[in-house]
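Naming follows writing order (A, B, C and D), and every chain is counted from residue 1.
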Amino acid sequence: MPRPIPGAECKSVYILRARFCDTDLMGIVHHAKYLEYFEASRVEYMHRRGVSYLEWTERGIHLPVVELAIRYRKSVRFDERIAVETSITEIGRATIKFEYRLHRDAPEGELVAEGSTLLACVGNDLAPKRLPDDVADLLCRPETHPRPLDRA
Amino acid sequence: MPRPIPGAECKSVYILRARFCDTDLMGIVHHAKYLEYFEASRVEYMHRRGVSYLEWTERGIHLPVVELAIRYRKSVRFDERIAVETSITEIGRATIKFEYRLHRDAPEGELVAEGSTLLACVGNDLAPKRLPDDVADLLCRPETHPRPLDRA
Amino acid sequence: MPRPIPGAECKSVYILRARFCDTDLMGIVHHAKYLEYFEASRVEYMHRRGVSYLEWTERGIHLPVVELAIRYRKSVRFDERIAVETSITEIGRATIKFEYRLHRDAPEGELVAEGSTLLACVGNDLAPKRLPDDVADLLCRPETHPRPLDRA
Amino acid sequence: MPRPIPGAECKSVYILRARFCDTDLMGIVHHAKYLEYFEASRVEYMHRRGVSYLEWTERGIHLPVVELAIRYRKSVRFDERIAVETSITEIGRATIKFEYRLHRDAPEGELVAEGSTLLACVGNDLAPKRLPDDVADLLCRPETHPRPLDRA
């Protein structure tokens, strides 16, 4: 079965707040924490499509990160709200590419960072396996369980 | 000025969701992460009272944890919702005691952990100082900026 | 079989260095990181007795933390060396109590924090189980694989 | 003053051990933790050249990460030793590029990941500034304070 081509519907925005423990002695959010923001946003992306990543992991479908890149443009401080725009831009045989744009406070806010992660589909044995068709299809759906953006 | 006696109004409930990166190889949330949940809940406790902890830190008022205790009763798994009931139970000359009860999914859910942290008031030089009266008073207010509980 | 009574030989000292990412905007090591130091020290305590905690986890023996307490006495800064003195003080039917004393730079240095963790023995299903006798015995041995203290 | 051209002497190997808290429910080291390994290795790279990054931060010289890329090749498990080969490959007016190769157990071991970080020189105000010449020179020195590789 051919892979769906991700389109504009493959995008969600998740709002989170920088925690105190996310900061370092420079007084800004530590660069490693952005990966936690990306990850939480991917999980939320799935929730918005009625998908539970937890169920997939229990079904033996894991999606570890195999490549990532980030460009940090502006620093983020404790307690700032960050809008993480999360998109799927490519779905391959056994991989999914997510892209992220982090904006200060709201989706219209200042761009503070952007990045991407390539995820590979693996089983419980961590060996690569084909991304199941139903998983690929669910990921390319528009949001069916949207959420208000004024959270966090 | 005598310290306010914390009462039933010194309580807030914050709902958060266990992140994937919060888990360890046992498949459950790592015990150190509960401290991040406590901390995020303290910050939210302050937001609900119109208080910004960030402003206090910029004013040279810091509240580091000087003692803590936790009792873990049940494990928590990835993506579970946790309701953190956060209360102030004592305010001293230069200290504040917070207590926490973590319930699965909602405030009425199963008790999964409970704990406490004693915070000391210090300045930018990290030397102890008297907790300012306005800070003590704000912390003992009832919620003035409540939030719906169906978040996360 | 009765439990061994932990004695003076149930102590090891592990030296580690505070990482940049361990700090927060106060410029000091974040209080949650001490739990990572405790944990790394427990693992090292086992290595010094020829024990691999990894093998135990693969054998279905897990030792999650069920209670913990910490008293923070002095702050720790980035790149400081910390000597973690780790002792077993009690071994019960299904529990082990570890105590920790953190000293600045070396075992003779300033006491910066002290704490304890109670670990429970559980199986892969996370249900409590009796701590196997060989595990209890290995934990109460003196160091058989000591290491120089000038590391980190 | 022209920048030094980094050569073969701009390389150090740091050995660390994957901590229990570094793992996630897949049973492997979480991808965000690699950034902590990179960072600890940069700090060690500096120690080997008699440089204290802490002193630089106190002098108002900070080196935040502004770009990063990682390619994860193999998973790493709890308690595995990782040899992080850390090199400086470019020094610009206000930037330094570090590259990393992580090998399992020892520098000759299996390549498990590789990555790079671009650091920018900024002051206490987080505004970009020229990398001081003495800093650039120190970073391009060969190791003057080497350490045995059998640590961790």
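The rule is simple: a contact is a pair of C-beta atoms (placed from the backbone, for glycine too) under 8 Å apart; a residue touches a chain by one contact, two chains touch by 3 or more.
Since the structure is predicted, the reported quantities are computational estimates derived from the model, not experimental observations.
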| item | value |
| --- | --- |
| Relative to subunit C, chain with the most remote C-alpha centre | A |
| Cα-centroid distance, subunit C relative to subunit D, in whole angstrom | 27 |
| Computed distance of Cα centres, subunit C from subunit A, in Å | 35 |
| In subunit C, residues with contacts to at least two other chains | 20-21, 25, 28, 32, 35-36, 39, 57, 78 |
| Topology of the chain contact graph, where touching chains are joined (line, ring, star, complete, other) | complete |
| Complex contacts: residues of subunit B adjacent to subunit C | 25-26, 28, 31-33, 35-36, 39, 57, 62, 64-72, 75, 126 |
| Residues of subunit C that touch subunit A when the two form their complex | 20-21, 23-25, 27-28, 30, 32, 78 |
| Residue numbers on subunit C that touch subunit D, as the complex places them | 17, 19-21, 35-36, 39-40, 43, 52-54, 57, 77-79, 151-152 |
